[in-house]
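Residue numbering begins at 1 within each chain, and the chains themselves are lettered A, B, C and D in the order written.
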Amino acid sequence: MTERANGAPLDPSPDLSVSLGPIVLDHPLVDASGTFDLLEYARRYDGDYFADFPYAAYVPKTVTVDARTGNPAPRVTETPSGMINAIGLENPGVRAWIARLGEWAHLRQPVIVSVGGNEPEQYAAVVAALDEYLDAAAPGAAPSIQGYELNISCPNVSSGLQIGADRAATAEVVGACREATSRFLLAKLTPNVRDVTEIGAAALDAGADGLSLINTLKALVLDRDTLKPFLGNRTGGLCGPAVKPVALRMVAEVAQAFPDTPIVGMGGVATGLDALEFIACGATAVGVGAANFTAFEAPQRILAELREELAARGFASAADARGVALSS
Amino acid sequence: MTEAGHTHGDHSQWAETSHCRVAAVRHFGAFAVLELIAPRVARRAAPGQFVMVTVPGGGSFLRRPISLFAAHADRISLLVEARGGGTERLTRLDVGDAVEVAGPLGSAFPTEDVSNALLVGGGIGCAPLQYLADELSAAGAHVTACFGFRDFRSARAAGAFTIDRLWVATEDGSVGRAGTVLHLLAALDVSPGTTVYACGPTPMVAAVQRWTFAEGLHGYVSLEAHMACGTGSCHGCVVDTARGKLRVCAEGPVFRLDEVTP
Amino acid sequence: MTERANGAPLDPSPDLSVSLGPIVLDHPLVDASGTFDLLEYARRYDGDYFADFPYAAYVPKTVTVDARTGNPAPRVTETPSGMINAIGLENPGVRAWIARLGEWAHLRQPVIVSVGGNEPEQYAAVVAALDEYLDAAAPGAAPSIQGYELNISCPNVSSGLQIGADRAATAEVVGACREATSRFLLAKLTPNVRDVTEIGAAALDAGADGLSLINTLKALVLDRDTLKPFLGNRTGGLCGPAVKPVALRMVAEVAQAFPDTPIVGMGGVATGLDALEFIACGATAVGVGAANFTAFEAPQRILAELREELAARGFASAADARGVALSS
Amino acid sequence: MTEAGHTHGDHSQWAETSHCRVAAVRHFGAFAVLELIAPRVARRAAPGQFVMVTVPGGGSFLRRPISLFAAHADRISLLVEARGGGTERLTRLDVGDAVEVAGPLGSAFPTEDVSNALLVGGGIGCAPLQYLADELSAAGAHVTACFGFRDFRSARAAGAFTIDRLWVATEDGSVGRAGTVLHLLAALDVSPGTTVYACGPTPMVAAVQRWTFAEGLHGYVSLEAHMACGTGSCHGCVVDTARGKLRVCAEGPVFRLDEVTP
């Protein structure tokens, strides 16, 4: 792929930078929460991983106010062109999490912290604890946390119905966090709804600055020997290339309904073309989830491919490609 | 179209990624020993560690965790049992085929200051014990291995092993002694201070654990868990231990026998 | 697979017959509406296809009261481990459809006619027209139509929101048809909802005798050259192995909520084990859809595999396997 | 575990299903001619018909429609261009590999009472015209073919054809005459009553249709459409015609030139 169909030379390097609300990203790719552990990567890298960090922003695994041990094993398995997981938001709780921030304080990229909980107060408590810590932290003592992603869409925690499947509950969680912080707020939407724009509207009305989607599709896999539910938590969340067509549809719906809203699109991204498709459907930034499990260098490869795919189509920038699938 | 995988950047910074070639294949029924030219992995490897193998052909989304069966010079070997679609395709690899592996990953069997070692394996769980036996023997330890298999078919794996003192049992009595590996252990004369190394199905590990404690021995176990990343990111592979839930791919796969609750 | 794990010989032939409400089926497999055209198969077969018809019941493509030309091309393409379609219920209308019934009047198996429409009256009109025709037909002049499947879940027709995504609309359609016929009535549910049991309850309360699920997941695929929506109808419905974990989850939910209700489970069935998994999740019968497109002999193969899978697990009958995944 | 595909019943009743073997492969750049031993298909085949080919390896869910490039005795040949994942894998098939095809499917080019035939192809759309030329020539017709390709790469396909009077144009002028197939047509001296057979991209078909009408000729066209079943069940492959929406796989792929609206 070294020249365009019409023979014109390729734009050697399209401008990949995008603005996710107030957050400036070097390129559109971020990791999807729960699928990429910065410190694990750093310890497996021969060079300076912090200098070579591949994503434009880092979204760590969801943090809750109290420690959670997560669901019983097994927690993951493969499905046709995808996988299912029921981790159950295992995390050490926000206090212990904050205590380790020094270990990656030197990350240059912006950080968007994924926040979980069962009730509005629990979400707000995490946001407040982090805001408080950040305000007090000495310069250079903490990573550059610039926003929060409210995970109201995890199908693997037993707080009854998902918050993100209900407009009122969504508004309450977002509203409580909006009161707690002036930082950038994303609401992460679940695909397990009839109309994703209804929940999106509730989140935006309650003060969210942008939307991330999709989280996983609630799903069931059986053990082929026993015919019992395979996962320890019985059901889990489906993701990977299998779900990409559903994710693209939902991102397009949200982008059409809320044209000026920052959107992080994700679900099944495995190649640069996949990422470009999300951008074409209106995503500002693109999350890479399960593809991280397929190779260490997946983000680098996807980014290189995205650059090529943009150039091959004559786009001068990633921003130019945004929403091109939506215009008729 | 940009094909996935064709525009990879430079891997050299990834300690644990290797594009490698199959140098030799030996088949034992449903099992295959794959010898791979993988100098970067071989250089760092220790017994008990594993690699994540990309299943060639594109039909499998996740990589498969496979133990190191052996490592010499620039080579590693894997003993693979065709159980599902992914391992089936791995056993059909041929000399010269390309494979991608990431590793060595996870914790290794401690081998220091061991003079007497007892290796207890069940089924495909025997796989990591060959490499362990090689290292222990090289360090001068006295190594005895007891392997249990279900039937004739699964006992075909035994043909892949080169351990001097190797006792085999099959549940159907078709190969070696009739019974489980516990019957082999019961018949052994074990010196005090022997270090036990176990790997196999959960009921076997539980039984070996009880036996070890009853004999006043100590030891290690390599556990299996369903994995997504294999590299510590997803928390998919946790097991319950005395230290809480730990990841088999990061804190494990090797744990102290007395800290796991199989 | 010739003996059980414990060495006992296999039950040579488990009893495959099941009762879908009043309809007795030789085995659990039926075709999924819109994916199998009996007459096309018959004309490509060297023997007597009617004697060798592989499914236990025949579910033809959805019929509407008036003729429909369907959506503009392209209408189908492949996705990772699945496919997307936007046919748009192309059919000749119920009158013309009835006129051709004589061509396959000699089918021995029961027929369940899939019925579509935009409003309750249109569904009821199809059911009434068919009931009327059947009551008047001479013996042997028509196939053995024993029930109706109300397709309230097609994502590819522009009647605004899907009927099957709304409880009241579902109840109206089912109620109107219940008044029109005393034959067996299935409501076919859409997966594009928050809670499939809510709609299931509405359908059963309004008089449905059973439930079929799932129809396709609303999805979007882009043309990789233009980055515009690929299908002529922009969005389409995703099906195939990719969606099986979502379908199993929903079938299990419905089976748990309505334990004595006849259920036709479908979504991604490609092997006998897949079919058995649906039965284990509570399906009475199992629909095979897109797998029909992979080989002429797909139903025969899946049936043979289902028999083996049941036998290998020591089930004496398909009915014995029903719901085994649900008990804890 | 029962593997999909291992327990197929007897196929003999399916006129159109064949498990066959690759007997020969020839490569022309990104194109490959696959010769398959498929007596059941060959026996019934006619030019213009196609087969549905199962992509080996499990990565493709749907079968791929491919025209018959030739049929002799117990053999059929396919000319495949590697365009996406599925056709890429097909072009990598090797002698002896197993392939599953269903066919021959769809309508054929009418060839009766034709004395002068003009075959117009564009890109991979040329594929069905070799078989057509073979049949027409055998029946004593005078056959002229005009093929258009985009560039040198796509013109590699021309090397697979053995038609006596074959004119080639490329848009970039790298092979044959510079320009489109329309430039070739304009330069021809066409006898009245010549039957035109066209297959290629939509803009070419539209242009050939206009040219044919302007010349007062009649003819046939083979159309492409995205297919799911390929066998008339799904209504996925419809095109607009004077007879309404028709299925390319069942009523087509061959239509009268004057009934389609490309």
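Here is the rule we use: contacts are C-beta pairs under 8 Å (C-beta built on N, C-alpha and C of every residue); 3 or more make two chains touch, one makes a residue touch a chain.
Remember, it's a predicted structure, so these values are computed and weren't measured experimentally.
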item: Path length in steps (a step moves to a chain that is touched) from chain B to chain D; value: 1
item: Of all other chains, the one whose Cα centre sits farthest from chain C; value: B
item: Distance from the mean Cα position of chain D to that of chain C, given in whole angstrom; value: 35
item: Centre-to-centre distance between chain C and chain B (centres being mean Cα positions), rounded to whole Å; value: 45
item: Multi-partner residues of chain A (each touching 2 or more other chains); value: 79, 81-82, 224, 240-241, 273
item: Set of chain D residues in contact with two or more other chains; value: 1
item: Touch-based graph of the chains, sorted into line, ring, star, complete or other; value: ring
item: Chain-to-chain touches, reported pairwise for every pair that qualifies; value: A-B, A-C, B-D, C-D
item: Chain C to chain D touching residues, read off their complex; value: 1, 34-37, 40-41, 44-47, 52, 61, 69-70, 73-79, 81-83, 85, 87, 90, 240-241, 270-273, 290, 292-297, 300-301, 304-305, 308-309
item: Chain B partner contacts - residues on chain D that touch it in the complex; value: 1, 57-59, 84-85
item: Partner chain A, residues of chain B touching it in the complex; value: 1-2, 4-5, 7-9, 11-17, 54, 60-63, 86, 100, 102, 225-239, 244-245, 250
item: Contact footprint of chain A on chain C as seen in their complex; value: 79-82, 84, 161, 165, 192-195, 217-222, 224, 227-229, 235, 238, 240-246, 248-249, 252, 268, 273, 276-277, 280-281, 313, 321, 324-325
